[in-house]
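You will see subunit A twice below: alongside subunit B first, and alongside subunit C after that.
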Partner chain A sequence: MAKLGPAGYSPYPVALYEGILTPPPGKALLFTELVDEEIAMREAAKAMFTRENPTVFPGPQVLYAWNEEAKKKAQLVRKMAEVFGARIIPMYDYRPKYPKIDPQKEINPNHPNLTIWHNNIKVCIFIGVHCHYANVALKIIRAETDCYTIALCGNAGHEDATVTLRDQHSEELEKFIRIAEEVKRELKK
Partner chain B sequence: MSLKIFKINEALKEFVPSEIVDLEEKATWGNPKRGIWDLPYAKELVEEHSLCAGCPESLAFRYILASLPNPEDTIIINSTGCTSLVFPHIALHTVHSLFGNQNAIASGIKRTLEWRFPDKVKDVVVLAGDGATVDIGLECTLHSFFRQERITTICFDNEVYANTGGQESGLTVKGQIFKMAPKGKQWDKVPMWQLAIDSGCHYVARLTVSSPKRVEKVIKQAIYVAREVGPTYVHLYTPCILEIGLNSDDALEEMRGRDKERFKFFEYISEKAKEVIERKKQEGLI
Partner chain C sequence: MQKTQQIKYNRAGQKVVSPEYLLFEAPRQKQFMTGSEVVKEAVKRASVDASVSYPITPQSEAAHLIGELWAEGYVGVYFRGESEFSVMSQLAGCSMAGGRAITTTSGPGTLRAMENFPMWAGSRLPLQLVLMARGVNSPLTIQPDNLEVSFLLDTGCMIWHAETAQELFDMILAGFVVAEQPDVHVPLITVIDGFFISHTREAVMLPPDDIALPPYNPYISPIPPIDMEMPPGRFLRDPFVMKSNYTSYATHASWQFEVRAAIERSRPYIRKYLKGLVEEFGDPEGEILFIASGTAAAQAKEATQMLIHDEGIKARVLRLKTVRPFPAKEIEEAVKGVKYVFIPEFNVVGWLEREVRNVLYGKTNVPIIGSPKVAGGMTMPPEIIVEEVLRILGKEVKHVP
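Then we have the complex of A and B:
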C-alpha cells in the first residue's frame, strides 16, 4: 500500500527514487537492468504467455485515427493481442471518472489499479498512452498491484514499468509480434 | 482542434465503449446551427454530472454546451466551485484555473490562439461561480472587460459559496442567512450585470435557466459578439437548492419565481453588438 516517497510528494515508492532511470536509445529496461531490445521483447512475451489474464491497454494515440501511423499501429495492437490471446481494455481518455468507472470496460490513469484488481490482471501492455499519464498510471500499478507491466513507448520509456521498450513505432511492433510468435512456439502454447 | 481526434480506429472500435463511439457518430460537431433542440436526439457533450441531484447548474451546463456554435474550437476556462466538478465529464477543451484567475487565464489563451491560429475561429468562454467571478476574481473579471478582451464570461450565480459549504458572497441577497453566515447578510447584492456594462461589455444578459430556448439565444449572441467586438457577460441564476433548503424537484419553480423579480430577463446590447446580432440572425445562426 501507499507510503510517502523520499521527496515527500509522491505517495508511492517510485522507481526513480531507487535510482532506476529510463533506458538510453537502443536499449531496454528489464526490471532494474539495461538490456538489448530483443532480450526485453522475449522476456515481455514470455510474461504475456505465462502470467494470468494478459491484457493490452491501448491509449488515445493508437485508439484514434489521427494519422497514418496511428491507423497502422491500431492494426498491430489488435494482431499483438490475438497472438498473446490477450484481452483489450482501452484507456480512451484521461478524464477522472466519477462517480464510478466500469473496470470491465476501461482503465483510467487516475485509478488503474481498480481495473487490474477487478480483472485479476497479472501482466499487461501499455501502448499509445501519452507519457505523462502513463507515468501516473504505471506508478500506481507498481505500488498497488503485483501486475507485470510492459511499456511499449514511442518516446523515452517509463522507469516504473517492469519492462520498458523505448522508441517503439510500427516497425518495432512488427518485430515484437514476430518474437512473440517465436516464443509461443518455444513455449508450445 | 481536428475532429480526427474523435475518429476511432476501425481495428479497435469494438473495444471502445458506446458513449465514446457516439461522440464520433452522433455528436453535433461542425454545425453552427446546433442548439437545445438537439438535446433529445444527439449525443451530448456532457455525459453525467457530479452535482447534487436536481441542481440547476446541471441544466445550465446542458443548455450552454448544446448552444455553443463551435464546440470543436471552443475552450472553456473554469474556476473552483461546484461548477468545476462537472468539467472532468465534458468532451471539450477545458482549463481549470486558480480560483478567481479565470478571466486573466482566458485573456492569455484567447490572445495566444489568435496569434497561433490567425485563420481559425476559436471561442474562449469563462464559466465560473459567483464567488469566483464577483468576489475573489472581481479584479481579473473587470480588468478583462476594461482591456476589451474578446471572451465570453458566464457567471453561475447561486448566491452563495456552495462548494465550501455555504458562506455568503457578494451576490447573496441582503438578509439571507446561511449555515456559515448566521447573522444574515448586511449588504446589498452586487449588481454585477451593471458593472459589466459600465466596464465595457458589449453584450450583457441576466436571466435564470428556467427557459432553455432563451439560454440558447443568449449564449449564441454573447459568443458571436465576443468573437467580433469585445467582452460579453452572461449572468445566470442557478439556485443552490441544497443551501436554500429545497428539494431536487423544486429548482424550476424557484427559478420561475425569480424570473418575475430580481432575475427578470434583462439584456444590454451595444451599437456594435447590435450589428453583429442582426447579421447572425439574417444568416439563420441565432
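Then we have the complex of A and C:
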C-alpha cells in the first residue's frame, strides 16, 4: 500500500503495479516496507486503538466450524474485537445479495466501500476471508477510502492492505492479542 | 486457514514427496523420449485428479497417453470432450470442485476454446494447459508455428515456453506447484513448439515413477471450492456483473487487476522452481543479443555459437522461460551495452517482438530487429539467423550459399 487516502475514482494503481509484493515468510508488510511481524502487529494495534470506528471483518473461514483450528480462531477473533473495543461486521459468504445488502450488518466483498463509507470506518481487520475476495475488496477500499486496512492472512498476505501479516494461525493470533493488550496499556486506553 | 493432514501416498500408491525433492534432489535416469511421451511421464508424477481430451494435431498423442495413465490408475478422471470448448469448460468444473486438472491442445483448438481461458483466470483456477503450438487457420496449417500464443497473452493465464522436452517435463511439475500457490492460483499454459518438441526424441532425465507431487489442496484456494453449500458460478452471478453503476464497474476493474496481480506474484516462485524467468547463454560481453523463447531460442543458441566461433562476433541469448509474467526487468538489464537486439520467432506477427518493444520503449536506443521470422511450418536453420546478423552488421555472408 503506497498511499493512504482517496486515489481518485479508479482502483488503479493497485499496490503490485507500484512494485509492492506480498511479504516473504517470516516478514510482514507495513505500508511499502517489509518489517518483522512483531513491529507490524504493534503498528496495527496502535491503529486499531487510535483511529475511528475500529471494525473486524471476519470471513467464512473463521465464521463456520470447518475444523478445530477454525473454531479456535473464531474464539480469538471475538477476543481480539473485545480487546480493541471493535465492532464485528461479518462477511458470511460471497453470494449475491438481493435486493441489496445492509452494509451496517454485513460487508460484501464486491461492494466493501458501501460498508466503509456508510460507517465511516477508519481502521479495520480482515480475517478469514478467502484471499481472492479479500484482494478484490482491499483494492477497492485502498482506492476509494482512507480506511487503514489490516489483513491477518493464513496464507501469503495481501499487498493492498496497509498492514499485512501472513501465515496467521491461532498461535500468531494469540501473539497479536498479547501485543494489543500491551499497546492498550501503553496508550492508557 | 484450515490445516490438512499430511498425505504420504497418492491414489496411485506413489510416495508423496516435496516438490523440491521431486524437481531437484531425486536421482534421475536418462531416457530417450518424444515431447508427447514426456507429458505422460510428468503427469504420471503429478498426482493429477482429472484430464479431459479432444484430438487435434500435434497434441493428440499426449492426450491419448494421459488416457493410458487413467487406465493405469494414475489419473482420477479422464474422458473425451465434445470439442475444445467443452474440454476447457469441463476441466474448469473439475478444478472448481477441488481437483488438479490438466489438458492439452493445439492451434485452432486453442481458439475454439478461447472464451474459457479468461474464465479460468477470473475464476482463479490453477489448471494447466499444455499447448503444443501449430499455428492458426487460415489457411489450414498442421505445421510448426506458434501464432496462437499471440491470442493467449491477455487471457490472465500464466504462459511459460519450454525449449526442450526436458524443460517441458520440469515445467509441467513446477507449473502445478507455482499455479497452486494461494497468492498466485491462476491457470498456466505451458507452451512447446509442436512437432519440433512433441514429435522428436531427445534425451531426458527423469526421476523415479514411484514418487509424485503432493495432491492439490483446494482448501487453501483463494476462492472456495464448490460443494453442497457453494455451487459453481456464484461469483459470476454476483451483482457487479448484472448492474450498471459505479461500484459495479469498480468491482469488475478490481477483480481484473487482481487476476493480473496474481500473475505477477508468481515471480518469486518461478525464480525458485524454474531457476529464474530467463536463461542467459553465450558470451556475457556479447554485443549481439538474441531475445527468444522456445525453439527459436534453441536455434538462436546455435547461431550464437557460430557467430562466436566462426565469425568472431560476440553474441549471447536471453531465453525467456516465461512470457506471462513477462521478464521486463531482466530484458531491460540484458540490453545494457549491446549494439543490436534480434528477436527470432516462429510466427508471422512477431508477438515477442511486440512485447519486447513495449517494455523497452523509451528506455534504450538499441536497434531492435524483429527477425528472422518464419511461419507456416518453415524451419529456422541457425545459418539464416547468422546471415541476418551479418547482413545488418554489413559483413560478408559466408554461411548461406
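Methods note: the second predicted complex is superposed on the first by the 177 of 189 C-alpha atoms of A that agree within 3 Å, B and C clash if a C-alpha of one lies under 4 Å from a C-alpha of the other, contacts with A are read in each partner's own complex, and residues count from 1 in each chain.
The rule is simple: contacts are C-beta pairs under 8 Å (C-beta built on N, C-alpha and C of every residue); 3 or more make two chains touch, one makes a residue touch a chain.
The shown structure was predicted, so the numbers you read here are calculated from the model rather than taken from an experiment.
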| item | value |
| --- | --- |
| Touching partner for A:Arg95 - first (subunit B), second (subunit C), both, neither | both |
| Subunit B versus subunit C as contact partner of A:Trp66, first or second or both or neither | both |
| Partner touching more residues of subunit A, whether subunit B or subunit C | C |
| Touched partner set for A:Val77, first subunit B, second subunit C, both or neither | first |
| Partner chain(s) touched by A:Gly157 [first = subunit B, second = subunit C, both, neither] | second |
| First (subunit B), second (subunit C), both or neither touched by A:Val35 | neither |
| Which superposed partner A:Leu16 touches (first subunit B, second subunit C, both, neither) | second |
| Intersection of the subunit A residues that touch subunit B with those that touch subunit C | 60, 66-67, 70, 93, 95-98 |
| Touch list for subunit A against partner subunit C, complex | 9-12, 14-17, 21-22, 24, 60-61, 66-67, 69-70, 93-98, 110-111, 113-114, 130-133, 135-136, 139-140, 143-144, 154-157, 159, 169 |
| Interfacial residue positions of subunit A with respect to subunit B in the complex | 58, 60, 62-67, 70-71, 74-75, 77-78, 88-90, 92-93, 95-99, 102, 105-106 |
| Residues of subunit B defined as touching subunit A within the complex | 2, 4-12, 15-17, 20, 50, 88-89 |
| Of subunit C, residues touching subunit A in the complex | 1-3, 124, 181-183, 185, 220-224, 230, 234-235, 237-240, 242, 246-247, 250-251, 253-255, 257-258, 261, 264-265, 267-268 |
